[in-house]
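Chain IDs A, B, C, D and E follow the sequence of writing; residue 1 opens each chain.
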Amino acid sequence: MLEVAIQHRLGAFALDATFVTTARITALFGRSGCGKTSILNAIAGVSRPQSGRIALNGRVFLDVAQNVCLSPNVRDIGYVFQQGLLFPHLNVADNLFFSKRLSEDTPQARRLIELLGLGALLKRRPRDLSGGETQRVAIGRALLSNPSLLLLDEPLASLDAQRKHEVLTHIEQLRDEVGIPIVMVSHSIDEVIRLAEHMVLLEDGRVKAAGAVDELLARLDLAPATGRHEAGAVIDAEVASHDVEHAVTLLRFDGGELTIPRVVASPGHRLRVRLRARDVSLALQRPVDISINNILEGTLLEIRDEVGAIVDVSLRVGEARILARVTRLSLGRLRLQPGQRVYALVKAVSIDRHSVGYA
Amino acid sequence: LSVASAQAADVTVFAAASLKESLDAVVREFERQSSSKVVVSYAASSALARQIENGAPADVFFSADLEWMDYLTSKRLIVASTRTSLLRNELVLIAPTDSKLTIRIEPNLDLRSALGEGRLAIANPDMVPAGKYGKAALTHYNAWSAVEQRLARAENVRAALLLVALGEAPLGIVYRTDALAEPRVRVVASFPPVSHPDIVYPAAVTSASRSTRAKPFLDFLSTPAAAMIWTRYGFRVLAAPASPR
Amino acid sequence: MDNDALLQIVGLSMKVAFCSVLLSLPLAMIIAYVLARYDFPGKTIFDAIVHLPLVLPPVVIGFALLLTLGRNGPIGSLLHDWFGIVVAFKWTGAAIASAIMGFPLMVRAIRLSVMAIDRRIEHAARTLGASPLRVLVSVVLPLALPGIITGSVLSFARSLGEFGATITFVSNIPGQTQTLPLAIYTATQVPGDEAQIQAIWLSLVAVALSVAALAASEWLSRRYNTNA
Amino acid sequence: MLEVAIQHRLGAFALDATFVTTARITALFGRSGCGKTSILNAIAGVSRPQSGRIALNGRVFLDVAQNVCLSPNVRDIGYVFQQGLLFPHLNVADNLFFSKRLSEDTPQARRLIELLGLGALLKRRPRDLSGGETQRVAIGRALLSNPSLLLLDEPLASLDAQRKHEVLTHIEQLRDEVGIPIVMVSHSIDEVIRLAEHMVLLEDGRVKAAGAVDELLARLDLAPATGRHEAGAVIDAEVASHDVEHAVTLLRFDGGELTIPRVVASPGHRLRVRLRARDVSLALQRPVDISINNILEGTLLEIRDEVGAIVDVSLRVGEARILARVTRLSLGRLRLQPGQRVYALVKAVSIDRHSVGYA
Amino acid sequence: MDNDALLQIVGLSMKVAFCSVLLSLPLAMIIAYVLARYDFPGKTIFDAIVHLPLVLPPVVIGFALLLTLGRNGPIGSLLHDWFGIVVAFKWTGAAIASAIMGFPLMVRAIRLSVMAIDRRIEHAARTLGASPLRVLVSVVLPLALPGIITGSVLSFARSLGEFGATITFVSNIPGQTQTLPLAIYTATQVPGDEAQIQAIWLSLVAVALSVAALAASEWLSRRYNTNA
């Protein structure tokens, strides 16, 4: 459990952030300049808030009232800084192993170097690295310090999609296998959705909302902050079976079944599947001879009336709630009304790796 | 800036640094009597001589050293006819005031044992006049070779004096004038004049001088009024007043 | 020593110190920049020449100045014959001597700051249309300010303490070339308590001046600090 | 027309890149360390390749053989560096107006400062800026130098989605109104697709492929580099009419009509619409009572056989070709065959601003 | 002067210069770090004390050394009574004098480099578990290397040229305290061409030593350069 309650002034900017999270991955989300880096700095101990308290699993890092402030070096935190901040006088290898917590010939270290594609760069000086290479070394350096809390400040900003995916996978593994709690800053809601369970939404130095990622994303009042096109819902489902021939997995949840591209999970395993509103269409009759695999029967609950071309509609499917996004034109054409029986059409191909998480 | 200093000097004197106190007093007296302005640049005689050689605006050169005066004379940079040996000084052996040492100056003088572990403070005998005189005197008493390795060679005679005053050196060789002015030292013995060349302070008007007051000032240095001051500081006055031309 | 004389000495010392800093600053900046940024054959020799005033005893520098800038010296006679300028035995000569003695300190400090500048910042300025000269003036100089300030302070302080070259080159003429260190030296050349007290008193004045200079430099560097 | 043909060695890395582009926006795309920044540096003149030639609209920037190398300051290039590289000794305003080409009280400058949200920061020093703020100042500084070529090195990496959208819009306006050619580096294929017409795909310092963005994205051999899930097709269409009430625009192309969320373009205007394969479903009969607005009749051309859950299928709709992505499961269920008559279902909401470009 | 005497002088000078650099380096680094990083009441005064050897004429510093480190001085008598150490009239004293004269140069150069270090790099090291001491040793010192090298060069060069404080404090004893500058000075004090030639000859030796020191420092800073 990470408890943060800090106040700090920086010129005209006032940070006043309080949140508690028990999630394995917590995302700090908010516009540029809202105070995300400032919060990470306070947690890591590289800046000292004017008042407040920070504790991790009961270990007090900071308590200004009690005049407690642990040194950064005993907080046992891995921090990937927004600007990399490599040691310019050390080569990549010495940067990576600066913390001395892991040595260069542990399998763990070798695997990470491989994953980050740093093998050929070990003897290079930071000034001879490209932007993305710098960022990867910074990630490696923090991970190799074997921390008990990981702080990531937009660590993937200048990585290509493939590397980003690999690093994200690695972070997921850390989360799942090693169980290191992570606090991350990201401007990509996709990343947040994929990785984080808990989200702290910041605005102008204050916590505007904090809670489960799905909840926050489903809250329409937060849409301007979270990005409207990402609205969606999460379904808790169980792996029913695998269709090896077609490489798909069948999931079961209390509103029906879902076919999705194959995931690695044994039957009975519970998964969280995110269905984005924009990927869900509606029909009044069950369509036939259509490539869409998932046709879920449900009840139209609510039509969120808005201006513009697009309308979000919520449905109940079994006990689950899902969101569909349609044009206002279709809304009129189909004469959709709350309480109506409808079919939700969900393309299997729209549920990619990014949408599936392990509960 | 004060009015007095802003006004151009009537006479600029280049004088050996060791003359500072006494010459300052003489200059004050001259200024009072003649209402002219004299400035004195104190530095090592060697430096002053080189400066005069290179066009320094000196009217009078007042050296602690015959050699550098001779050097300028040979280069015709001073008016030979004005050159006088004005003052004489004495060479003394000093010790800190609280020192119990008693030494008699005599042939086969044994300074080595008097020094014990300490060193003999002396101005650099290779170049500084006081050192050269000291070396001559010690050689005269066959004491030089015994102490040559036990010298504290100071940059000038004042530095040698200070070494003794601070107790860094148990013994030192300086001029009597210096010894008198420093309360922390006492004179242990005097070197008889026979033991070294005459210690004289020559003065002369420079060839480049355009000052009408230069010669009168030089003459004033050997007036009775000046002589009183010199004597007060421990010098002996050598020359009789030169007659005006 | 009366108050007037003290004021005169202090005034002269300040004048000499200020002018020596101003005199050496432009050339020091150019040389520091060249040494920081370019490699050329004979660079080490050139560097050694810059360090000469530090390496040789001050008296030797003073003597060399006397021989070159004195009225009979090659440069001194040129200056005198062509421009009617005489620096030997003038306060200007003292300023030149101080400038030369402080020169290596100034160059090294500025060079250090220039070398710490991220060249990519200069590249950024070039892409924004800045000529090399504008980059120098608007980017390099401001970013080298810590070094320029430090160099100036060192040179100023050196000037307050410069003795050997000054007394050798311009002599020790009260009201004209007798700066504070020369006055202090002169006082130390007189035995006895009174003179010693005067030497200490003058030294305290020198220290006070340096405290003022340091306070000013701290204020300056705080004001234009670029590194939090 | 920008012509680049340069060779340069940096340690073990050899850059050997040749490409010509006449596009308004050209994207350099490739994995971290492939040489993107090195190419921009050479174009801007901040590094000098060992051999080669660079020319913009006939003006030779570099010709090593002829010993021509224009100084960076006369190349008239606005360069947004990957690391920002603000002047640390100048406040934000002085950074922005360093080039002196535009003054602070021109409407253009005021508009840009407003757009970048820098109004409150003008008196700040760079060290007091957040990561995103730094990046915005860097963008503003380059744009305010009124360049005749703009180089953008991942300028949007740490901007939030909203700001990113605003800046992208501004860049589009520059492209369209002022006509400044732009060369940009981005790791986001979305950004590339949205903005760029021409793409240079780099691998290990060499140009692996260069050409129109659509062409390159449609090439399956480049899929590992461009990211498979972005496969799609581009349709050239004409604005037919606007439905103001429902805020949609009707487009006509030779394969039929398309309803999309309203765009600002007068009837008759030609648009390029990107239909992503993953947003296109197939049906054997025309579905009724369905919220999907666009149902296009076409002929199945080709089935790209692949392993895994997902299959891409190409169709001809009129003269246009579009791609649909379905599961292999559906492929079997519907017994799809080349030559078959099928209906392509395209959700109007899936065609967002990001997919529509002005031809 | 014969070859043996010359060798002896050069050897002594090198020994004094090296030891003075080594002697002052640790303290200079600490003080430079403190001055660069901390604000405290009386900082300017403290800074002025550090600059004292630059501001006061060398002879005064020599006197001050004599008064404190001399056999009857407060520190000198302690050293003598407790450890049997005597520095007056010894080459160790010359090294101390040189160290003190070069001290402000060293401090300023190192301070300049420390101030140029991005503190966030140190923060990064702290988050990686490095104690403040390890940060100092593994991050600050290497990054301040340009300043440390420059400071050492300046101090070394100053030592090669130091005259006033040395001769006042430890006198001019051939074979023991007669360093190169003292020998050069001695030669300049004798009239005549022969002495002058010797002075020039010895000066050239000093210059050669400084060229060697500069070349070594250039090599070092090139080797450990952190800024392209």
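Just so it is clear, contacts are C-beta pairs under 8 Å (C-beta built on N, C-alpha and C of every residue); 3 or more make two chains touch, one makes a residue touch a chain.
Here the structure is a predicted model, which is why all the values come from computation and not from measurement.
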Query raised in the report: Chains in contact with chain A and with chain D: which ones?
Result: none
Query raised in the report: Which two chains does the highest number of contacting C-beta pairs join?
Result: A-D
Query - Centroid distance [mean C-alpha coordinates] between chain D and chain C, Å - result: 58
Report summary line: So, in whole Å, the Cα centroid of chain B is separated from that of chain D by 91
Requested in this report: Averaging only over C-alpha atoms, locate the centres of chain C and chain E and give their separation in whole Å.
Outcome: 19
Report task. List, in ascending order, every residue of chain B touching at least 2 other chains. Result -> 162
Report summary line: chain D touches at least 2 other chains through residues 83, 128
Requested in this report: At least two other chains touched by the same residue of chain C: list those residues.
Outcome: 59, 63, 118, 188, 227-228
Query raised in the report: According to the definition of touch, which chains form touching pairs?
Result: A-D, A-E, B-C, B-E, C-D, C-E
Query raised in the report: Which part of chain D faces chain A closely enough to touch in the complex?
Result: 10-12, 30-33, 37, 82-83, 117, 120, 124, 128, 130-133, 135-136, 153-154, 157-164, 187-189, 224, 227, 229, 243, 246-248, 259, 261-262, 278-279, 281-285, 287-293, 307-310, 324-332, 334, 345, 347-350, 352
Query - chain B contact footprint on chain E (complex, rising order) - result: 59, 63, 66-67, 70-73, 88-89, 167-168, 171-173, 185-186, 188-191
**Report entry** In the complex, chain B residues that touch chain C
**Finding:** 1-2, 4-6, 9, 12, 14, 17-18, 20-21, 39-43, 47-48, 50-51, 54-58, 156, 158, 161-162, 165, 178, 181-183
Query raised in the report: Which residues of chain A touch chain E in the complex?
Result: 44-46, 71-79, 81, 83, 85-90, 98-101, 125, 127-128, 141-142, 145
Query raised in the report: Which of the residues in chain C end up touching chain D in this complex?
Result: 118, 120-121, 123-132, 138-139, 142-143, 145, 224, 226-228
